[in-house]
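Below, chain A partners chain B and then partners chain C, in two separate complexes.
Showing the complex of A and B:
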């Protein structure tokens, strides 16, 4: 919870590159990754994106590994279910668990690997975006997409207040922990409830104050933002195109290859 | 239950986006009308969104040793209604995908559908029905947020089962058998988690009623008479 990725994005040297280029790279990776039919292309995308994030974006390597491991719990549970229960090909492995037959079939395992690799590539793409682009940069992009004004305004205000309340929640939680508020299960539940309610009430008061403050500064439902103009450089373009081209070629040639 | 980036194969993530877009358009429409009517609501909604984000990023005390997070959307639905919750849920999920890498961009449609639409809707309906039946306020909150959490988890299992039916081809039997398996595996963590979320939400409302009940009356969450009864003040 304390690892808000935005903190790292603010320090990344890639922050000062063109936002649209970064978004294009991420979207390309996501779409190719999700539509690939063999695990090779997604692994390639994952490798490229990780390289860019760590070497060019200077994200700490240890943190990156930790981040990759965190959501894998969900992925592995899901993948195991897929490996065991889908597919109809020949059996690779079968055993009985408490009298209940379990077997891994070839195409089930293939599908499981494919899904795992797709998740991995998707995660690497997302981490590339979140570790190199602070949210503030993305608001300018959001403005250009012509989403309704109210939604953008709402997301900007939410973004601001996440940090205020996160700070508040952490200090309340710290105070509770020091007073043994989480020493056993019953107390933890009570402490959580208290934390939530205090947070809610504080939120409410803050909202009132915010309205007052903004109103007295002539808020009319619009906050003006200026996008910093960041020209594309030739080397960036060449690198991106090389990456796109090699991914597409790899995608084309590994279409029908299966690993298992 | 966040479905990870890249987990849903090609036809399914588009299908869930298609289901989700009309609902969110309706939510935005409602939001726009609300903001036009009462301009002071926007800062309030913003802090509420941040509240949902922070609530959902707090770890609940764990039972099984795995880390687990409340969805927080049940509370939002009870206070703001399901349509606004859907919009708040979308923004919160986008931030969760970008800040904490929970969920993803292509699976946003499916995730918002389960966590931002179905869960809050169930919580809201249970809450309304329970209040109409004049049950105990805290019991109703408990039920609403626990059932909302379960609805989310059943929807997620259903989405996964539709995408990965047993036997590889989508048949009714294959869907059912796969659904049973996903539901059974996730049940291990989700059943106790939902009960805990219910308990925490009920306690949350209890403290709010004790300290600052006028907020809830003002938002038309509960009526004044209910508050008086809860506080033991005779009218």
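Showing the complex of A and C:
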């Protein structure tokens, strides 16, 4: 059963690496990507992150492309608009659309590419995190950020029960479908409402049961979170350092380069 | 020794439905107890009362002879000692990973981090889930979830483990594994209480049965006593266990004899053999009722094993000097069941036993042992109902090896020895890699006549 990102993250071999290292890599990528003035560095970051996610993290290539396509669609639309409507300098391309002159100028293209590369690198960094680090690994990180205990406990319980209620909702929906609950629009609305109300009541009952279950194991108002210790390995450190270094060097040497 | 006791217990739900009425029970330490009754007969409510979760309206619950107190400190003590496993594992498992869920109980007891870790590892190993410790519960199968729930309770090392319908929604293999686990806990001294409406399970598994109906206790006793009473069962809305029903049918047709209550298939099969009668010439001085030693027989006279020592008791002497005798056979060098303790596991040793001991049938009990030998590529003929199937094979003159560990070894040994004693059909049983060694291997090369009868 793999249908959400968390499932892929759970199966990824990178799941068992140090969370802080992964977070550092992501943060570094985001910051450098955003502050870069040429599109080359962000593209490099995107490439490295994609490579790590797909090859080292064993994320399915097709899935990864699909995931990228969704936000990339928005980015490209925006980029096209930027390319046509901003900037100055010499014209690279111009034509008329229904009597209205459209042209791409050098500056505009440069800016468009930069925006595209920055958003791509950001996406790749975030996908690296979400495809290699499941939620259950992040609870320990949350704890270290000194969030209130109760927030972390709640988030742990919520995480667990999302799946219980997801299952429940799916089976209720199935039961409604086989009895033609979604055969036309009116009925669909009605069935949907019933599903919602049933789920609400079930969550209430589940809360009672949860309290019972916790109580019968001596719950004293505190849920201890056990962190799994994941030591940093030398190879990881060397690889990360090499990546950081090459990115910084690239960043430095491409800061005044324009590619158009 | 009585560990849990209730005195005129009464509980009514807030909406006025009565759940428990005037209940007096005593549960002895180290027993396997089953509460049997239809759905809604009050079993689950009783369990919540036994664990201090619900407070009785009248009457009291006693643990080790002391009545429950309902302040938070005493409740903690009770809940540490009386663990409860709910029917639906999803109600019980609430932490995001298996490890964290099992660690929840020990952590609440205020153990140090190292001790919690030790408890969790031990529990995980016991239920055979060490490899899944970092998984989230929604990635587990029903049987695995049940085992996590059991491990979560076990990690607190309770004296009594209560399981509400432990086998509901499990496939047969999963069910067998859970039952094996429960046998093992029981062997290490835990008192196990289950509720079920599966009469076959209660009959086969338990030492003592409480029959519940409409929030009242309507009968209690050993399974053999309780399930013989057809009227009582009807009142409880239950039917007879299958093996017992089959046995009664064959008994009514005169095909089986002896008023016994077979629990397992080997026991049932054993009741099937008709009275073994034979015409023999007897010496003149023999009287009716005497017993004769007919010596060792083989070939077509030996029906149960290659060689048999036969004693006969004289039932009737005909005037012409011939007599009708009832034969009592004792098999020699029949098959046998050999147990191997996988706590001291060595692949070479097992291969040697398999080759030299002419084992034709290999089984494994317990998740840990199964995983261990399957890793090493040893073919297992059977992984569920292992003891019963091995006895059946041994009865057919085959030799079986059961690979198992810890308390299960003693449990299996006890079960098989009991069978040998009860049935009178002799076959060898032993544990191969323990200090006392195994008689059988030493005798294997000798001729059957040399064996002590």
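Some observations on this one:
As a working rule, the second predicted complex is superposed on the first by the 192 of 260 C-alpha atoms of A that agree within 3 Å, B and C clash if a C-alpha of one lies under 4 Å from a C-alpha of the other, contacts with A are read in each partner's own complex, and residues count from 1 in each chain.
Simple rule for what comes next: a residue touches a chain if its C-beta (ideal position, glycine included) is under 8 Å from a C-beta of that chain, and two chains touch if they have at least 3 such contacts.
Values in this document were obtained by computation on a predicted structure and should not be read as measured data.
Look at A:188: by the touch rule set out above, it reaches chain B but stays clear of chain C.
Of the two partner chains placed by the overlay, neither chain B nor chain C lies in contact with A:252.
Applying the stated contact rule after C-alpha superposition, one finds that A:81 touches chain B and leaves chain C untouched. Of the two partner chains placed by the overlay, only chain B lies in contact with A:127; chain C stays clear of it. After overlaying the two complexes on the shared chain, residue contacts for A:164 are found with chain B and with chain C alike.
Once the two complexes are laid over each other on the shared chain, residue contacts for A:210 go to chain B and to chain C alike.
Between chain B and chain C, B contacts the larger number of chain A residues. Touch criterion met: A:148 reaches chain B, while chain C stays clear of it.
The intersection of chain A residues touching chain B with those touching chain C, taken from the two complexes, comprises 1, 135, 157, 159-161, 164, 206, 210, 214-215.
Looking at the complex, you find that chain A touches chain C at residues 1, 7, 10, 16, 134-136, 139, 156-157, 159-161, 163-164, 167, 206, 209-210, 212-220, 222-226, 228. Note for the complex: chain C touches chain A at residues 48, 51, 53, 76, 79-80, 83-84, 86, 88, 90-97, 99-100, 103-105, 107-109, 113, 116-117, 134-139, 152-153, 156.
Chain A contributes residues 1, 3-6, 30-31, 33-35, 42, 67, 70-71, 73-75, 77-78, 81-82, 85-88, 107-108, 111, 115, 118-123, 125-127, 129-130, 135, 148, 150-151, 153-155, 157-162, 164-166, 169, 173, 182, 185, 188-190, 192-201, 203-204, 206-208, 210-211, 214-215, 221 to its touches with chain B in the complex. Against chain A, the residues of chain B that register as touching in their complex are 2-10, 13, 28, 31-32, 35, 39-40, 42-51, 53-55, 57-61, 66, 75, 87-88, 91-92, 94-95, 97-102, 104-106, 160, 164-168, 177-178, 181-182, 185-186, 196, 199-208, 211-212, 215.
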